[in-house]
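Scrolling down, you'll hit the structures one after another.
In the two assemblies presented below, subunit A is common to both, partnered first by subunit B and then by subunit C.
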Partner chain A sequence: MPLFILRRGLQALNVLFVMSLLVFAGVYAIGNPLDLLVDPNATQEDMARAAASLGLDQPLWVQYGRFLARALQGDLGDSFLHGAPALGLIVERLPATLELAVVAMLVAVLLGIPLGLWAGLRPDSLPGKTIMAGSILGFSLPTFWVGLMLIMVFAVQLGWLPAGGRGPTTDVLGVSTSLLTMEGWRHLLLPAANLALFKLSLIIRLTRSGTREALLQDYVKFARAKGLSNVRVVGVHVLKNILIPIVTVVGLEFGSLIAFSVVTESIFAWPGMGKLLLDSITQLDRPVVVAYLLLVVTLYVVINLTVDLLYAALDPRVRLAGARQ
Partner chain B sequence: MSEATTLPAASPAEAEVERPLRRLVRAYAESRVALFGLALLLVIVLASLLAPWLAPQNPYDLMQLDVLDGRLPPGSASGDGRQTYLLGTDEQGRDMLSAILYGLRISVGVGVVATLLALAIGMALGLAAGYFGGRFDAILMRIADIQLSFPSILVAMILLALFGQGIDKIVIALVAAQWAYYARTTRGAALVERRKEYIEAARLLGLSTLRILFRHLLPNCLPPLIVVAALQVAAAIALEATLSFLGLGLPVTEPSLGLLIANGFQYLYSGRYWISVFPGVALLLTILAINLVADQLRDVLNPRLHGQ
Partner chain C sequence: MSASAPPTLAVEHLTTRFATRDGTVTAVDDVSFSVAPGEVLGLVGESGSGKSMTGFSILGLVDPPGEIAAGSIRLNGRELRGLSAAEWRALRGDRIAMIFQDPMMTLNPVLRIDTQMIETVRAHRRLGRAAARDLARDALARVGIPSPDERLRAYPHELSGGMRQRVAIAIALLNAPDLIIADEPTTALDVTIQAQILFEMQTLCRQSGTALIWITHDLAVVAGLADRVCVMYAGRIVEQGSTAQVLETPAHPYTRGLLDSTPAVQTASCNAGQARPLHPIPGMAPSLRALPPGCAFCPRCGRASTACEATPPLVEPAPGHVVRCFHPLVTTLDEAAR
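Take a look at the complex of A and B:
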């Protein structure tokens, strides 16, 4: 096990290193940042001085080394627009995005597993078929389009819920959250439903196929032969066995929820880091873009690593396969 | 129906006489939903190919637009009474039906071109990796694994953030986000196929490697690739629409469906739903039709279901 952790850890570091190279190459080598930073009417000497003060006159690998050294200390440069450290700007908005992603994932799991069980236990019934048809739709519909429809129906036509914004937030231990007020929940509901839809469809499908497979297994037949009640067979024996793949997917998909929150945040004007990214891209605020990308990729790598390790801890076959390679 | 139920019981000799293509067509036609999807897809492809001739007006010829006709609800007549705006107009008095037909052309075009490019690149890399194996295979699959662990929207956003907007850039981003699916699928099929006797026979005949790869190995790897490609066209169209909606994809001079939806977004709040809803419905039907066809293709082309 320690060897496995070490190897996966090294792989994760490798990915981060490659990403930092790519992002550096893309942002600092393509196009000249001086054009953005220095007055276009500046003289040749002014340009040279600016380049020297920013370290842009050095060879690329020296620049990359400096970039890396600063990045490791958490300094990813200052935002051109806000004048504040880019990383700080993003971290400031991290709670809003995490809150949205966590609630969306909870919605997906808490609705998806029961619906998937239902569809798996009665695949030919009308509700079972309706659930599956719904999950196919959930896969086909683009997230942004569903968001628009939610706004149109629930905010504009019915007027039940606000169309955007985060509403009032309360500070808990320095982290702002909208989960403590009714108004906050009202603001959260539509964006969370929007973000949850795709994962909900995924979990329904996973649970359904897992249930159908599990029902054919000997241990289920044996449990039934023992005379256990239906509730106990499904609730304990079936559910336990389909939970492992679901836990894995939930873990892995959490990262993609954060990536997809860019779409939802922009539609519902949710003040998270996805919206910041979009604003920064359109306003050419490169340091913020770089900081966002590196942060999200790091988050991703950490999530993947955690899921891999958890999986190895839960399922010894994974470890053995890894050791044999 | 009775014919369909007796067919599987037909003698093996009879089944062999039937040509593969006819068998595929018959198997495909067994699902009515899939036939509906195919019909819908044909209509959409025709509509996007023939957009300039089908559309009541050229939505980007400013001479044909009348600002006084702006934001009319569906079914209203134009100010000069010469035409009816079946799906309403946008703020510049542009006929939404025409705008949707032109937008569909761009959306479908970008999706298809990006898919074909990604297919060609991924297929060639996957074939080589599966056939030769070794270090090339290991490195390529490592890269594909890493890339597939990130959602394609993130990959595409990174590239667009670096390179900026444009039709060529979005195609590059879509290709970069999707090549790995084809490389993986092709490699998987190639690994199975290359151990079979016909490949050995071809090698013993002294055929060139390129010939073996593309004339012998590739045709036998095609069925799973076709299914993946069909599903990925839908994914590419949806991804392009999302990116364009966010303002990262196509420039305003190439108004795809995503951009049309984004333009109508602000009018949604005032109840002028048609500017954004109808392009969305067009996008939805496109994605749905492709998915229906791809789902049935998957069943039809799956060799595991053939023997039954």
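Take a look at the complex of A and C:
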């Protein structure tokens, strides 16, 4: 197992290296950040001085070499726009995004699995069909539209919940969170619901199809022939078998929630990382974009590693690939 | 044998139907038989003859759209039809146990053997985990599994097919049931393992007085194992009697056809010219959706006449030997003796 994790770590370093190369070249190709950063009326000397101070006067490979040398010491560079360390800017906004993603994913899992089980056990019942019809809506309605509708109904018409912003936060061990106050939860509810809807539909459909397949298996018939209660047959024999694909999808979707909740964060004016990325791309703030994507890659690597470890815990037939070698 | 002891299981006029889009399909049609304590009943037929569905009906495991439409199932005199779901559940795995065909599929792949055994005990008895585990270990030892303590901690994929089927049998035996329904449990196994398991099952049931219904398509298995045999065709029992009666003096043309389709083992000493030729039954088993009127075997039968388009009568060529046919191969004791 330690060997397995070590191998994964080395793989991750490779991915990070290639990723940084791609993003660096990509942002370089889009345009010159100086055109956006410096006043168009500035003199030629001012431009040259700005370029020199940011290191933009060097050829690309020199710029990348400098970046890499500093990155190896843990410094991903300063934002062109804010002058502050890029990584610091991102990490500062991480808690806001993280708590949104965690709450959304929890809602999706805690509602999705029971609803999916129900729809799988009674596919022809009215609730079963309603759940499936609802999940199709959740799948196909665009996130931005649902977000706007949520604001329209709950914030504007009913006035129950705030339309945007994060609300008051409390510091716990240096991390700001809105989960400890009622007001914080009220701000969190709509964006979390907005994000959860698609994931919820996905988990419902996955759980349902898994359940229907599992119910046809001999081990379920055998479990029933043993006289086990329905709760035990479904809750242990069926659930443990269908959990494996669900865990995979939950892992990947959780990653995408953290990294790419841009639309929802924009609609609800949520001060998370997605908003920062969007601004940085439009301003060609390369250090922030590179740092952001490297952070996302790291996040995915960690999540995938967790998923693989969970796999092995759930399914005794799975051997971790590195464990044998 | 069945006449002397009160039967463990008495099935009378059992009829199981399925409502399908093309109308009702009768999977089990007016089936009657009984099994005495310690007796082995062979239920023989081709795929789709309704033998497995008979087993599921007795366990109360017929899923909608199927339902038991008529008849009675009595276990030790108690009528099982009309029991509530909870009463059925209390019975299953406790008084009636079932073993399935494919040992690779019957054990849950993600649960350890001990989990799957202990839950079977604790579903029916108020026992602690440790006590239930002891029972599980004893059951594994009884079916001939070496070092049962280690096997208890194993997952199914770590055991061979024969070993897994032994585990399934041990699970069936756990609560000392009155009746075990075995649905082709040795079909997927090597012949040597098959013989061992047949022998062990026979011994275990004799010792404990457990009645055993052995569902199979293999007459050779029945010959070595069963006390009595029921031959099923298209949902009906066409012939029933002691194993000797049915296999040595078959009265129904279908039973005769089954016997003639069974290859006998040829040894080196056997002259090739003397090898018994196989006579497969012409045609195919009918679809239950479109059964011919009267005797369902009529279109494939060499002895059929126009009379066979009506429901055939029950003929009893010998005490306990019953055949449903207009033109049975034997009708009296004298003929059987010849």
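Keep in mind that, in the parts below, the second predicted complex is superposed on the first by the 258 of 325 C-alpha atoms of A that agree within 3 Å, B and C clash if a C-alpha of one lies under 4 Å from a C-alpha of the other, contacts with A are read in each partner's own complex, and residues count from 1 in each chain.
Quick note on the criterion: contacts are C-beta pairs under 8 Å (C-beta built on N, C-alpha and C of every residue); 3 or more make two chains touch, one makes a residue touch a chain.
The structure presented is a predicted model; accordingly, all values stated were derived computationally and were not measured.
Look at subunit A after the overlay: subunit B and subunit C fit there side by side. When both complexes are overlaid on chain A, the residue A:240 reaches subunit C alone and has no touch with subunit B.
Vertex at the C-alpha centre of subunit A, arms toward the centres of subunit B and subunit C: the angle is 80 degrees, rounded to a multiple of 10.
By the touch criterion stated above, A:232 is placed in contact with subunit C alone, subunit B being left untouched.
The wider contact with subunit A, measured as residues touched, comes from B rather than the other of subunit B and subunit C. Residue contacts after overlaying the shared chain place A:151 against subunit B, while subunit C stays out of touching range. Of the two partner chains, subunit C is the only one touched by A:224; subunit B is not. With the two structures overlaid on their shared chain A, subunit B and subunit C come no closer than 9 Å at the level of C-alpha atoms. Shared interface residues of subunit A, touching subunit B in one complex and subunit C in the other, do not exist.
Across the interface of their complex, subunit C is touched by residues 217-219, 221-229, 232, 236-237, 240-241, 314-317 of subunit A. Residue ranges of subunit B in contact with subunit A, taken from their complex: 146, 149-151, 153-154, 157-158, 160-163, 234, 238, 241-242, 245-248, 258, 261, 265, 268-269, 271, 273, 276-277, 280, 283-284, 287-288, 291.
In the complex of the two chains, the subunit A residues touching subunit B come out as 15, 18, 22-23, 26-27, 30, 136, 139-145, 148-149, 151-152, 155-157, 163, 252, 255-256, 259-260, 262-263, 266-267, 277-278, 281-282, 289, 293, 296-297, 300, 304. Of all residues in subunit C, those touching subunit A in their complex are 59, 61, 89-94, 97-98, 100, 102, 105-112, 119-120, 123-124, 155, 157, 168, 171.
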